[in-house]
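The structure under discussion appears below in the form of structure tokens.
Letters A, B, C, D, E and F name the chains as they come in the text, with residue numbers starting at 1 for each one.
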Amino acid sequence: MTLSHTSTLSLGRLLLTGAAGGLGKVLRPRLRARTTLLRLSDVAAMDPAGPGEEVQQAALEDRAAVHRLLEGMDAVVHLGGISTEQPFDAIVPANIVGTYNLYEAARKHGVRRVVFASSNHVTGYYRQDEVISPDMPMRPDGYYGISKAFGESLSRFYYDRYGIETVCVRIGSSFPEPRDRRMLATWLSYDDLERVVVASLTTPKAGHSVIYGVSDNTPGWWDNTSARHIGYRPQDSSEPFRASREAAQPQVDPEDPAVMYQAGGFVRMGPFE
Amino acid sequence: MTLSHTSTLSLGRLLLTGAAGGLGKVLRPRLRARTTLLRLSDVAAMDPAGPGEEVQQAALEDRAAVHRLLEGMDAVVHLGGISTEQPFDAIVPANIVGTYNLYEAARKHGVRRVVFASSNHVTGYYRQDEVISPDMPMRPDGYYGISKAFGESLSRFYYDRYGIETVCVRIGSSFPEPRDRRMLATWLSYDDLERVVVASLTTPKAGHSVIYGVSDNTPGWWDNTSARHIGYRPQDSSEPFRASREAAQPQVDPEDPAVMYQAGGFVRMGPFE
Amino acid sequence: MTLSHTSTLSLGRLLLTGAAGGLGKVLRPRLRARTTLLRLSDVAAMDPAGPGEEVQQAALEDRAAVHRLLEGMDAVVHLGGISTEQPFDAIVPANIVGTYNLYEAARKHGVRRVVFASSNHVTGYYRQDEVISPDMPMRPDGYYGISKAFGESLSRFYYDRYGIETVCVRIGSSFPEPRDRRMLATWLSYDDLERVVVASLTTPKAGHSVIYGVSDNTPGWWDNTSARHIGYRPQDSSEPFRASREAAQPQVDPEDPAVMYQAGGFVRMGPFE
Amino acid sequence: MTLSHTSTLSLGRLLLTGAAGGLGKVLRPRLRARTTLLRLSDVAAMDPAGPGEEVQQAALEDRAAVHRLLEGMDAVVHLGGISTEQPFDAIVPANIVGTYNLYEAARKHGVRRVVFASSNHVTGYYRQDEVISPDMPMRPDGYYGISKAFGESLSRFYYDRYGIETVCVRIGSSFPEPRDRRMLATWLSYDDLERVVVASLTTPKAGHSVIYGVSDNTPGWWDNTSARHIGYRPQDSSEPFRASREAAQPQVDPEDPAVMYQAGGFVRMGPFE
Amino acid sequence: MTLSHTSTLSLGRLLLTGAAGGLGKVLRPRLRARTTLLRLSDVAAMDPAGPGEEVQQAALEDRAAVHRLLEGMDAVVHLGGISTEQPFDAIVPANIVGTYNLYEAARKHGVRRVVFASSNHVTGYYRQDEVISPDMPMRPDGYYGISKAFGESLSRFYYDRYGIETVCVRIGSSFPEPRDRRMLATWLSYDDLERVVVASLTTPKAGHSVIYGVSDNTPGWWDNTSARHIGYRPQDSSEPFRASREAAQPQVDPEDPAVMYQAGGFVRMGPFE
Amino acid sequence: MTLSHTSTLSLGRLLLTGAAGGLGKVLRPRLRARTTLLRLSDVAAMDPAGPGEEVQQAALEDRAAVHRLLEGMDAVVHLGGISTEQPFDAIVPANIVGTYNLYEAARKHGVRRVVFASSNHVTGYYRQDEVISPDMPMRPDGYYGISKAFGESLSRFYYDRYGIETVCVRIGSSFPEPRDRRMLATWLSYDDLERVVVASLTTPKAGHSVIYGVSDNTPGWWDNTSARHIGYRPQDSSEPFRASREAAQPQVDPEDPAVMYQAGGFVRMGPFE
């Protein structure tokens, strides 16, 4: 069985937010190769536009700017916003107001599909000895996770009310390699990241779907069965990295909250005051 | 079998937010009779404090004021904030930032239990021909519902992280009588409102629980089985009002979105721009 | 809590098929009191039309006659067809072809709601020591049950494709009194029969719903929770008849297939050749 | 709706073990009134046999004695054995070996039905803010609970292998009145105890069923829906006792393991060495 | 891990109905190689019998002819009947009456296992953004699907009542290659078709099982977990065809009913009058 | 995708009970290669201790001896006890009392993790045409299975009460090759046995987990999804042995209890008196 093929459909005119961030930089060249136009945005500075690209620096809380971003787009990959645990006040503008701005702009400009970078941190307070599925109640592990839960709720509303399709991809840990023992379970390779984003954009009917963005790792906390319709099948695994990561961290304490909960180290963040 | 008893425990020092609103006014005298101190708050003016009462006018987005509200309290009944569908910008300060302020203040002041007035509108986009339970994914029907979904997520976090117990009561339609045919399913009598609030405050172990606040109506959309541990059992029913409400509204169109979805008329609100 | 009220809405122009049968005769006067016009039909002769009634004798397999039946109707209560276990060939014309004829006629004449008299015999091969719900796979106990399973499938299609709403009421055992020990579990009183039919006709949104038609008996095999939205709440119980029915049948053998399966005596019928 | 009737069937020749214990004494006169012969047994001395009674003192670990107990019986109500938390070695003879002896004797003597007094302590390590059903995995809270879990497994085997029917009744707290706040959830009145035992003995098909033995209390931890087929409907409630029990115990700590878990005070027992 | 093996058991004396149809022609030589006798039947003319074959032309509604077909057979692969959406009257004889004829003949002639070619069209009105399992309620998308739902019910009865085992294989789209984008999800390769049929015939205990007949495609709508006991594991995938099928159909409208529902183009068929 | 890696973590100081048995002999050299100290125990004689090994012959019912076994250990792989169906009295000492002794010793000596060799025979009375998961109620097929069910309950208690983690591995049939047709479903290769044991010992958070120990066979009765967090992924399959095992056993009777139930031949064992 050969699994190396994935969609080769053009992604049309696509907006990528968060383009200056870690995953934004990874996806930029990969999406550019598949788009007729790739519009890039971030609150931070980005590399200048190459062929087939547009660059628009903008803060997500800047409503007018966000409306300009969506203009003429077919779809959005929304990585923008705060992507680490931070005080609540830091998270509201970009992740609460900014996500609202994005969906309102999508509605006004007739954009029909969004890939929303949600996070495994919306369910971080499930235990590491549980396997969960996307339809279980959310248990966020911090303000960042709460803001992603908000985005999932908001996008569900925009689908039910206005028909804008969203795939919420609860991204695990997307790095070149798994960095520690926790990531043996949560790792999403860059190639698999591309696969899940492309599948989300090209599946004929996305509806409002929630999926975990994770590679085909041997230890698994998340059961994606309910979202197999998306057409995402991971092809990488953390297994080749297991020996080295275990060697670096041979002892863990199962009673440590960071080991007990899927959140990992997020359980130790805060309170901030 | 006699069902007329309910808890007679003292509710101690209790904060009631939203005290100037419709349900706040209903609960004020009922809770005062059970508390050692009832602190009342609202952004609007309230009747002056009677014996055993304190009145503190405050906006929920005023962090310092909210922290003063929680000082010395044993528990909170949080009705405050916007309780109708409104533009998003109107909802953020009271319902997003304000709920955060409330939980942060509870954490700092050691308040251990909150009754959070959530809403049936967190699941308004389920259909009227479905019976749902509190652990099914949320499908809010507007910005108000989204803000209540946010509050449920936030309170879950404060329980998982800090042990602050919350009962999220997804209130149906609490009025003296059911006003229309939809309310034959969603009605919560004032006596049952009191019962569900008192049960939520006095159950020995609340954890983080989600329950629908609804009377024992014959047509039912919500299955509270998973929250029977709270000790709430409704004793009223919309049935005596059925004939008159049907007579006033003999024809409904099952293809009308306001009839198709549990949201009712909320499906027609917005967009606001 | 008073439970004696039920809908007093007019049932409009209503077709009742199977009007010459046992339950048809029970429902005829009860429905006439609530309709503007009650059209009665059966393959057998019926009492002449009284005020507010029309009588049209017709075989369900007579397509043209069935189309005349549906003309001008608002809704249908479809009791017609074979209602006992019989050889397959006897069941096809009325229950397979006849039910198709009815739904095609409903589609052509714009009739928007049907109450379909299904039967507990669609699930008769579940065991008496199981409690089942309407969304579990069907296990019919004979050709009659198979034909009712067919009717449920057919009506689901007419809802999904053409929006014709149906409540499939899986009737237990509707008699003046429970006749034997099995009926202590399956009994549907005539008053509760009326209640479930009226609720099915008057609920604002029926969609395609499946419900067991059973009174509030103490031994229960069927869990109607998933159809509480219909607004049916039984008010009778087999309990007052328990002593006499047990006295008449003090010994049963739990290994007897008629005791092992919910089907009861139907497990002994057939094969017919 | 009148719920005062229950089965009046004769219970035939019945063995009651544990007849000298608290519940044995409650059930003795109630069962004697319904049996043709009531054989009573306990390791301790019992009141002498009255009319229609036989008394056989026996230890459950005495295999020959247990075989004599079962001889000629139609059914068994097995309350015998240790019914409190004790060191493991104390529990093995009566609850492990003794229960095996009982089922082997039932097999040899052709006894076809057993009511096995299991206990809520087989699931004591679920939390008080969970509602559980009998088909969820067991989480015993001590050696006593483990021995009851063993009895449930053993009786399942005797049903699957030899057709001996058992109703496992996970008894809550059966006392004249609820004694503390926990028992507001777990109380089983003596009348309801009788009802659940009689229903278990007289239901036509018991199979192997697991049910919680609890009254219709307002706070509820256990959902008996899956065993409604038994024909048990409680008619008592802890509600009349709520005020006094709460007054006696106004403060509880939700972080106290005895409040956190359904086990209550059992979480504090042991280790024994 | 090598997955290339499958059962090499002899299939004994096997009846293949629908032998003149597309899948019948595919299976004929593959099954002949594994049978001691392969009896072929169809209403249409077939190629003459080769070695180890018998050919009996027959209409399924011809009861006597069907009884002759089953005589002396060990098992049946029932592909016969109408396999496209057609007016109801065209479907009744072969798919309703004919399937009954087949099972009655199996009963009379002691045939113990049937592989029934059901169809994904029994669940065509589920959405393409849902993943469903075989135990969910059926939602047929036309008369053809309804007739297959009937066959599943009928075969369940023949198992529960007479012990005749059936594997209902809900065939996706079995063609040499996936023909369009929908078939990227529904494709069943001819080799996998053979695998699922052989597994269904040779599994020691089939009971009454329902399984989707689909290859190991990346986009998946159907979860076969509940039927893993059959011993079917697909070894082909639509993935190598994805690029060309997407290129041929780059744009689809997610609001098009043929894209919204798993039925695909079947949602556009009918009404026929 | 490369699946050949598995954990290379040191297993520390490990006790292996049942070391003289079939699987004990298989695991001894494999575990020795990964441990700093491997203590071996059995009631029978074992090969003398090699480098890095200790040998302590002991009966599990010898409490003092078992306590000596656990002293200084980091973890236990508990294969010891009776592993075939035998009379109850033969099973009590080693499997009931012995397992208690082991856990008490673990508690006293601070051993934090146990791999408990449970058995597929705890669910042997499910049917071969069912796919089951570890959280379904147990249905043991004999005294051996009952004793393993006891061990699962006991270990759950020691986790809930004392935090001792256990992975219950319900071992299928672990032999060099599958021996008969049943083992095509139940086979666990020796390499996969090692994998599941090592994964159970090295997963950061085991909690109390229940998993089936089975290779990646094509016919599958057991769904391990809920325990994917353990990090066990089988890499062997019974498929290469299918042809020869089927050839040796071409005919099976699906009505034979040994074919009907997952227990296989265990359904024929006993009664023993």
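In the analysis below, contacts are C-beta pairs under 8 Å (C-beta built on N, C-alpha and C of every residue); 3 or more make two chains touch, one makes a residue touch a chain.
Just so it is clear, the structure is predicted and the values come from calculations on it, not from any experiment.
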Separation of chain E from chain D in steps, with touching chains one step apart: 2
Touching chain A and also chain D, the following chains: B, F
Superposition rotation for chain A onto chain E, Cα-based, multiple of 5°: 120
Pair in C-E, A-E or A-B that repeats B-C, with over half of contact pairs matching by residue number: A-E
Separation of chain C from chain F, taking each centre as the mean of its C-alpha atoms, in whole Å: 52
Chain D-chain F separation of Cα centroids, rounded to whole Å: 32
Euclidean distance of C-alpha centroids - chain E vs chain F, Å: 40
Contacts with two or more other chains, residues of chain F listed in rising order: 3, 225
Chains touching one another, given as label pairs in label order: A-B, A-E, A-F, B-C, B-D, C-D, C-E, D-F, E-F
Residue ranges of chain A in contact with chain B within the complex: 88, 92, 96-97, 100, 104, 107-108, 125, 135-142, 145-146, 149-150, 153-154, 156-157, 160-162, 210, 267, 270-271, 273
Footprint of chain C on chain B - complex, ascending: 127-131, 181-182, 184-185, 216, 218-221, 223, 225, 235-237, 239-240, 242-243, 246-247, 250, 252, 254-255, 259-260
Contact set on chain F toward chain A in their complex: 1-10, 112-113, 163, 165, 199, 202-209, 225-233
